[in-house]
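Before any comments, here is the structure.
For reference, chains read A, B, C and D in written order, and residue numbers begin at 1 within each chain.
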Amino acid sequence: MSEIKSKYEIFKQKAHIIIYGTNTVAGRLFDLILLGLILLSVVLVMLETVKGFDAKYHAYLVFFEWVITVFFTLEYILRIITIKKPINYVLSFYGIIDLIAILPMYLSFFITGTSVFAVIRALRLLRLFKILNHPQFNNQSTHLKESLIASRGKILIFMYFMLISTIIIGSVMYVVEGEASGFTSIPMGIYWAIVTLTTVGYGDISPVTPLGQFLASFVMIMGYGIIAVPTGIVSAEFAKNKPTVKESETKVCQNCGSHEHYVNAKFCQDCGHEL
Amino acid sequence: MSEIKSKYEIFKQKAHIIIYGTNTVAGRLFDLILLGLILLSVVLVMLETVKGFDAKYHAYLVFFEWVITVFFTLEYILRIITIKKPINYVLSFYGIIDLIAILPMYLSFFITGTSVFAVIRALRLLRLFKILNHPQFNNQSTHLKESLIASRGKILIFMYFMLISTIIIGSVMYVVEGEASGFTSIPMGIYWAIVTLTTVGYGDISPVTPLGQFLASFVMIMGYGIIAVPTGIVSAEFAKNKPTVKESETKVCQNCGSHEHYVNAKFCQDCGHEL
Amino acid sequence: MSEIKSKYEIFKQKAHIIIYGTNTVAGRLFDLILLGLILLSVVLVMLETVKGFDAKYHAYLVFFEWVITVFFTLEYILRIITIKKPINYVLSFYGIIDLIAILPMYLSFFITGTSVFAVIRALRLLRLFKILNHPQFNNQSTHLKESLIASRGKILIFMYFMLISTIIIGSVMYVVEGEASGFTSIPMGIYWAIVTLTTVGYGDISPVTPLGQFLASFVMIMGYGIIAVPTGIVSAEFAKNKPTVKESETKVCQNCGSHEHYVNAKFCQDCGHEL
Amino acid sequence: MSEIKSKYEIFKQKAHIIIYGTNTVAGRLFDLILLGLILLSVVLVMLETVKGFDAKYHAYLVFFEWVITVFFTLEYILRIITIKKPINYVLSFYGIIDLIAILPMYLSFFITGTSVFAVIRALRLLRLFKILNHPQFNNQSTHLKESLIASRGKILIFMYFMLISTIIIGSVMYVVEGEASGFTSIPMGIYWAIVTLTTVGYGDISPVTPLGQFLASFVMIMGYGIIAVPTGIVSAEFAKNKPTVKESETKVCQNCGSHEHYVNAKFCQDCGHEL
């Protein structure tokens, strides 16, 4: 009896290493298979919405959906029983996502599926963000995040300025162009202002009066020019905010302590000491 | 009598601190409520232009418009009586905006409202710029402004070059494509050139002749390439023009005086002295 | 007799200073009036192509055209007689442009005007480039030019890569989408590839088959991503290529010779010496 | 007999220098002619797909195709016989491309040509990449490649983030807009998300419901804003990753060893020593 319990304990330990760990070969393989299944499940959800494809292969799609759901269910149960404090996992961001990923299929027994279910199933994709926790990705994304956080203040002001600009431009164009040109309301004008300022330019609404086109020209040039502002902010931040982790890829001078030397550099850029 | 006057003086002082100041809790709360009401008033103006919504809820929209107008009027009066030199406020940029924000509703008694009124009411939005004077925003926006002012000269030359380019391109396309393709005049050709150079590309006018499409390809590549110029100018300026205020977020070397050290840095990048 | 000649010589000298110089008040005023007239003449050419406007005000447009042409002719003659070696001016870039600016109107006596004339008249606009020779513009544009010339090599490789990419993409899309979707030939496919890669996106031709849309997605992401390359090249060049002329706007340390200090800096960033 | 063989050997040596080398005048001339013929052959393939042109000049196009094919065949044979280990060339990337460039024409004897052949013939264009191996191009492209490789990690994370974003946005818009607006399936929604995020904006599919337009506005602003991320990454990399080859274009301080001085600089930026 105690032996069985002990065997179960050993199984739990091993499973924990495979499921939660990334250092063993089995752990990495598990992560890889899981990643593949998540991608597959997302592709399945997509294909179900393609009418022609779904009509032909509906049975196959449903079959694979169930295979994946069963696998995900097993994984979810294993994650719960192999962790010390299951509640921490269940209530964590990824715990909730993992549950959302399997629930819709079981609910489809009771409720006839609508397209909303397709989207909820697509939430599985959020599990892909997990990969960003892997050590090799971590350094890079940390640097990215730090730079973006550091430029947060300036970007907020820029966004605030953009918001006010689009409201004013949208209001003016509503009056200038009027409903005949598709500017049916101020919110529609603001929508047009955003489409134009961001240089997307669908062409579903475009000015037709000479004055409207004249004003639109200024809006376009403004949109073309001010893209320099967020780009400049982030560029400057990336250039300044040096990565502290990638030390191994750059050389540090033993003499003067200056770092960030080009990897092929032979002498210190600041004191001339041999690297 | 004097006591009443004195009480009035105390009220004026307190009101002044709440309305003009941002250091007390009441002052911040006042600013926050005001901000909310300005946003609400802008949303009301927008919704009035949405035909379907206005038809259903016109009475509610007018009611809220009046509530806000009365509040803004009270605020305007308070701002005038609690300041020492009212004329300075009345003739200031925000003083005029504050007046414009309340006038249209009262004028609507005498003149039947047109859509122009909606736009004038939208000018209330300019009051939102006030937030940029708050200390926490000020540092960031000062740096942004300084960088943009420093790159003013280069950007002006760039704009001048763009202007001449669009006129020449527009004229050439007018001759090459002609009126059948929608290039009905040189100004229309210039409008097309701006739509294309800025990479907006509505598609309301697009070249149809092989020669026109060939020339348009060069214009597109030109527009795609020269966006690098304003972006490069502003990026370089942001990188160079170091913020002098955010000292607290970076470390300064006590030994050599060089600043802008990364917040995790332990030794000076220039002299190796411990930070 | 000699007195008349001498007076003529003095007039020539004075006229030379006014027409070619920019240092005297009269010289600057002359440049300003000339600039205004060039702009006016360009506006006239534009308005002539706007059918509705031309129909109403044709007589006025022709009248103003002649006034400007006479003024430009006088200026052209003065430029020739007040310079020592007239042939140098006549054969120079601006000399030819100045001639082209006045010829069309005189030729319109003999040949009935076509829209080609309008464009030739628009060449007057090239005279606007003259302003770039003014000292205040010169410093800035020199820096711009130097940076662009320095990054010439990288930009050429980038353009070469873009050219090959668009030909390959255009050929593939021609086969994948076929003529039914508007991809009527490989050159048309290349035109589409340029419209897409540069993120212009007219929408006059767009993929309709699932495979075509799948491939187009990659082309779009590629176009969105590689804009970083020219922008990065030019940004880095702007940041590196410090302006040598704007010394007056930055502070130079008297102790260590390092320059490019922020204009408000009080101590040297490199040695701590008071600026 | 041996004399003939020796003469053949000398011919092989000379041919090798002309075909593979770039140091002699003849070698450069050969490269230039080859480049011209490759460009010509690509233009021929393009023109054949332009219906109107092909109908008129089909005979000429075929004639020139054969002239170029014969020349390319001769070049291919010469490349094989003048190299020591022909197998290395035949199996190399450019060896395969060179074969693909001549095969389609000979195959057209047996198989009646389809448009697929046109594309295979277009593969000749890949030969144009050869020019990137020329020494003058090499330095620049090396620097470009190094910078892009160094920023690979960050760009991959960015792409991964973009991929997930487009799938989520596409799924949500599919539900919000529905099939009536052209969002016929989730993959179609993803296609729209890419068209919008990259600011291409064809306008073949665009949101029509107020909620859809409201969400689309956020997607556009997101696409407009996040272009700063790849641009910032690459800019920072270009600025950091200094070219090690272009030393001749910058000045190096003889005293302190710091380089990258502006070409007109007279004193060292770091120690003040005369350059």
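Heads up, the rule we're going with is that a residue touches a chain if its C-beta (ideal position, glycine included) is under 8 Å from a C-beta of that chain, and two chains touch if they have at least 3 such contacts.
Quantities reported herein were computed from a predicted structural model and do not represent experimental measurements.
Angle of the rotation mapping chain B onto its copy chain C, from a C-alpha fit, rounded to a multiple of 5 degrees, please.
Fitting chain B to chain C on C-alpha atoms yields 90 degrees.
By CA centroid distance, what chain is farthest from chain C?
Here the answer is chain A, farthest from chain C.
Looking only at C-beta pairs that count as contacts, which pair of chains has more of them, A-D or B-D?
A-D
Provide the C-alpha centroid distance between chain A and chain D, rounded to the nearest whole angstrom.
So the centroids are 29 Å from each other.
Can you compute the centre-to-centre distance for chain B and chain D, using the mean CA position of each chain? Integer Å is fine.
Inter-chain centre distance comes to 41 Å.
Which residues belonging to chain B are in contact with no fewer than two other chains?
187, 190, 199-203, 223, 227, 231, 233, 235, 239, 270, in rising order.
Where on chain D is chain B touching in the complex?
199-203, 231, 235, 239
Using the touch definition from the top, list the residues of chain C that touch chain B in their complex.
Checking each residue of chain C against chain B gives 42, 45-47, 49-51, 115-116, 118-119, 122, 125-126, 128-129, 131-132, 137, 139-141, 143-144, 147-148, 155, 159, 162, 187-188, 190-191, 194-195, 197-204, 223, 227, 230-231, 233-235, 237-239, 260, 262, 264-265, 267-272.
What does chain D use to touch chain A in their complex?
153-154, 156-158, 160, 164, 167-168, 171-172, 174-175, 184-187, 190, 196, 199-203, 206, 210, 213-214, 216-217, 220-221, 223-225, 227-229, 231-233, 235-236, 239-242, 244, 256-259, 270
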